[in-house]
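One structure coming up, written as structure tokens, with questions to follow.
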Amino acid sequence: MKPDLSVEVGSLRLRGPVLAASGTFGYGTEVPLLERRALAGVVSKGIFLRPREGTPPPRIVETPGGMLNAIGLQGPGVEVLISDYAPKWAAWDFPVLVNINGESANEYGELAARLDGVPGVAGFEINISCPNVEQGGLYFGNDPRAAAAVTEAVRRRTKLPVWVKLTPMVGDIGVIARAVEGAGADALCAINTFVGMSIDLSSYRPRLSFRTGGLSGPAIRPLAVHLAHQAARAVRIPVIGIGGIARAEDALEFLVAGCAAVQVGTATFVNPKAIEEVHDGIAAHLQAKGFGSLADLPRYLPRD
Amino acid sequence: MKPDLSVEVGSLRLRGPVLAASGTFGYGTEVPLLERRALAGVVSKGIFLRPREGTPPPRIVETPGGMLNAIGLQGPGVEVLISDYAPKWAAWDFPVLVNINGESANEYGELAARLDGVPGVAGFEINISCPNVEQGGLYFGNDPRAAAAVTEAVRRRTKLPVWVKLTPMVGDIGVIARAVEGAGADALCAINTFVGMSIDLSSYRPRLSFRTGGLSGPAIRPLAVHLAHQAARAVRIPVIGIGGIARAEDALEFLVAGCAAVQVGTATFVNPKAIEEVHDGIAAHLQAKGFGSLADLPRYLPRD
Amino acid sequence: MFLVDAPVTGRRQVARGMFVLGFHAPEIANSVRAGQFVNIGWTPGPLLRRPFSVYRAEDSHIEVVLKAVGVGTEQLLAMQIGHRVSCLGPLGRGFEMTGSGVVLVSGGLGVAPMPLAVRDARAAGMEVTWVHGARTAADLCAEADGDRVIWATDDGSQGFHGTAVVAAPDADLVLACGPNPMLAAAAERWPHAQVAVETYMGCGTGVCLGCAVPLHRGGYDRACTEGPVYRAGDVDWSALPSHLHYAVGA
Amino acid sequence: MFLVDAPVTGRRQVARGMFVLGFHAPEIANSVRAGQFVNIGWTPGPLLRRPFSVYRAEDSHIEVVLKAVGVGTEQLLAMQIGHRVSCLGPLGRGFEMTGSGVVLVSGGLGVAPMPLAVRDARAAGMEVTWVHGARTAADLCAEADGDRVIWATDDGSQGFHGTAVVAAPDADLVLACGPNPMLAAAAERWPHAQVAVETYMGCGTGVCLGCAVPLHRGGYDRACTEGPVYRAGDVDWSALPSHLHYAVGA
């Protein structure tokens, strides 16, 4: 008997617990080798209302067990997303959520309104690691009021699922988690990349043209498990774990730590079949332990 | 001509830029293989006023490119430090700073007062990643007022150099850095470990008995370089870079990013000669580039 | 695109510090075109795969040419016969062969895509001139080939005293590969040349946007998908990092 | 303590899945005592070194015995002859040999320190009884040795039907090694036995305090420095993780 791997994330029923993370799977049309049966859903590359060129190269640097990226949210803007990609998504048998970005709460709201009802758009993942121009270049993600304001602005404009993707660059992730839960988020995604820097010793300047970049990959996994766990302890809505997942065991750590589902990012670059292998490995683990469904997996989630 | 590697950190003149990090070099008496000429100084294992047993095993877990530790600041207490270790330090040709810990600002102050004037104690490194019992289990390190209060409490009780070791688990390290600079710190050490978690899939519980641990090692280096750089941009006092340094190139990244010196931690476990190799490699780099002294190394430290 | 578990089948030296590695990778060998690349990963090894142009493809084997310039290339060159790597490819768009003759211009490790270019050009009935330059005679790849071969060295120790770009004759179709500054020079002389560009890569498959190539028309293309072969005049060379290693010894 | 760049010199199988690896490490071979260990690291490989008891030491060679239980042991067992590792040792305090006879009690991979114990006991003129237990006959290490050898298997497929601890005779000096639960059982029967304990280790040299062994008198000792050999009755076995791999197959 194959174990039942389906999960419910708010009102969204997913056929499995493994999604593709934003920015690591393009618009879902690029990666050809993956067996899509294992894919529970895709979060699209982050999009703004308007097209964005992104940052000059170099945009990535390898680091021990990880990589820094500074892509600068390059993208074609919402209209091209609607005309070129959403129609394809509408034909797929798994949901595509759009990772939305803005420089003000209002921009996030407008983006959600424009995409609401577009066939193929199954929901939103709010990226609050974007520079908050309203508040002078801080991040929405490390101010509970700003994070809540963005969430509300989106919530008001759509009935679709609204997920909020948290940044790890905070003193206490629980505070932000509760703030966006209160503002109407259906689920939390934890976590986005950590800010890092790498210096080139021939030019004595940062290797990335943007100076800093976001660290992803196995290096951050223990930090991500902890933050996802802290978020899950802080709220009642589901938490989707992200950060350094490359194998089923990694995903299971997040699930046991209290996550409802996971996203796989950087591992896809290394292994185009990573999502499939994670999915199948979770099934194998459940089967080996005699669990009939993912719901039977023991969770470690003390609520103290 | 050998380049001049000596540095000044506040009033303390060091014969080189590479120190041993707290908790990774014991009390300086244990590691036999290192050629000590390369050692600019040692920061002792963290100490409290009273002896502490530490946490039950398992205390460490390996992670990709890093390790989690939860030692629980095991130590003999300040009186044994004074009777058993300080006398040895007094005979060495490099300074030993004591990493001090407490559960209240007052405890830190008392510890400094007790150690002030003890031969062999060259200064203090305040560890503000300790649970702040006064404020209900938060950390001193992520509250600028608490961090400043601890710094002041120590500053008032000693004329010896006072370094403050910052935690990375903050929203904005610059705020804490400025707060402790204002409170009289002579230098900042950036950074201590990141909090992480790892789950054991046979017991479905955390692998560490303490549940969470501090992540160190190469995995965190890009994050540490960024945080040390941010701290260096925020203050005028010297910053000592820490986090994932294993080779001279790693140390040079911190130095270029604005640090006056560095500490090597986890790498010592892997390679008992790490400090020596880092020191010699920095010298070789300066020589290859034709720099007569470390002061000639270009720095990347925009103060915008 | 195939994901092949490929054992190392051979290794030979072709210039000072420059080696050719062979791999058993039938699906890739059968489908690769000149200018395309493979992305190679292995465990234990670095996190990211490493991109290499396919140097040759015969029967079920492919070859790549490389020097040890960092952790990844060092580990690859230390591998023994039989050691397995994961080989993803063929990736990217290769050269387009049109016309009756072609001039190949390669600097240093820029030889990499050229043997396949010779093969594809010959299959298209074209006449091939290959101009190969390097720092000194010892750095020239011994395997340059074609109806006509022109050597160039920076120090004049063999052939033309100067760069391959200066040594090359004009032609309708010019294909070039080498350090980015050399390609920038090629772009000046032959805006229509097809050049194989190098960038840092995250995925090699078009999803990460890490491999941005700045274009004169504004914006960026993906070297792994729209490239790595570009019309030389389309690339904004000044905005491309010029220090990448592919170039070493050119 | 020495830091030796040690090439793999040999490999042989001694039980189902259990292998002995040899290394050229003269300084360590000349100074190691029974119960001491080496901490082995290599690149590319995991970050931390891996601790292994020294199994044998002869001339300039040392041997360790292991099974593949994780990334590190898998990589070690996949190494070819000549591959170099970094070997730090000898580390820790070994067994103390006193009296006229000794009983060695080993479960599964707990054979590891015993061949050296036989050597040291014989050098001290002692009579040696070695009781070796494992799950089944196939899991018994073929190289158990001594004036008297007693076999024990959980399934009774060879020798005594039961554990090595139960199969062993009493003696003034008992040295035991195996899974922590087996050592706990040994401690019940022989509080004075000397047992080699396993813990996760950060450094192996006494600086990290990662290898804490809980003691009945309160507090913790460092397995790498005060241990790994302890008086069985001194250890608070209930507070020591019982699932470590060293034990696999016991």
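As written, the chain order gives the labels A, B, C and D, with residue 1 at the start of each chain.
Here is the rule we go by: a residue touches a chain if its C-beta (ideal position, glycine included) is under 8 Å from a C-beta of that chain, and two chains touch if they have at least 3 such contacts.
Keep in mind that this is a model prediction, so the values were computed, not measured.
Participant: What chains do chain B and chain C have as common neighbours?
Facilitator: Touches both chain B and chain C: A, D.
Participant: I'd like to verify one number: the distance from the centre of chain A to the centre of chain D, where each centre is the average of its C-alpha atoms, in whole angstrom.
Facilitator: Roughly 46 Å separates the two chain centres.
Participant: When the C-alpha atoms of chain A and chain B are each averaged to a single point, how far apart are the two points in Å?
Facilitator: 34
Participant: Express in whole angstrom the distance between the two chain centres, defined as the mean CA positions of chain C and chain D.
Facilitator: Here chain C and chain D have centroids separated by 52 Å.
Participant: Take the average of all CA coordinates in chain B, do the same for chain D, and state the distance between these two points in whole angstrom.
Facilitator: Result: the chain centres lie 35 Å from each other.
Participant: Identify all positions of chain A at which a residue touches two or more other chains, and write them in rising order.
Facilitator: Counting only residues that touch two or more other chains, chain A contributes 61, 65-66, 217-218.
Participant: At which residue positions does chain D touch at least two other chains?
Facilitator: Where chain D meets two or more other chains at a single residue, that happens at 46.
Participant: Think of each chain as a node with edges to the chains it touches; is that a line, ring, star, complete or other?
Facilitator: Contact map by chain: ring.
Participant: Okay, what are all the chain pairs that touch?
Facilitator: According to the stated criterion, the contacting chain pairs are A-B, A-C, B-D, C-D.
Participant: Which positions of chain C touch chain D when the two form their complex?
Facilitator: Residues 44-46, 71, 75, 80.
Participant: Looking at the complex, which residues from chain B come into contact with chain A?
Facilitator: 61, 63-66, 68, 142, 169-172, 194-199, 201, 204-206, 212-213, 215, 217-223, 225-226, 229, 244, 249, 252-253, 256-257, 285, 297-300
Participant: Can you check the complex and tell me which residues of chain B touch chain D?
Facilitator: Interface residues on chain B, with respect to chain D: 23-26, 30-33, 45, 53-62, 65-67, 69, 71, 74, 202-203, 217-218, 266, 268-273.
Participant: Within their complex, state which residues of chain C touch chain A.
Facilitator: Chain C reaches chain A through residues 1, 3, 41, 46-49, 86, 88, 199-214, 218-220, 225, 239-241, 243.
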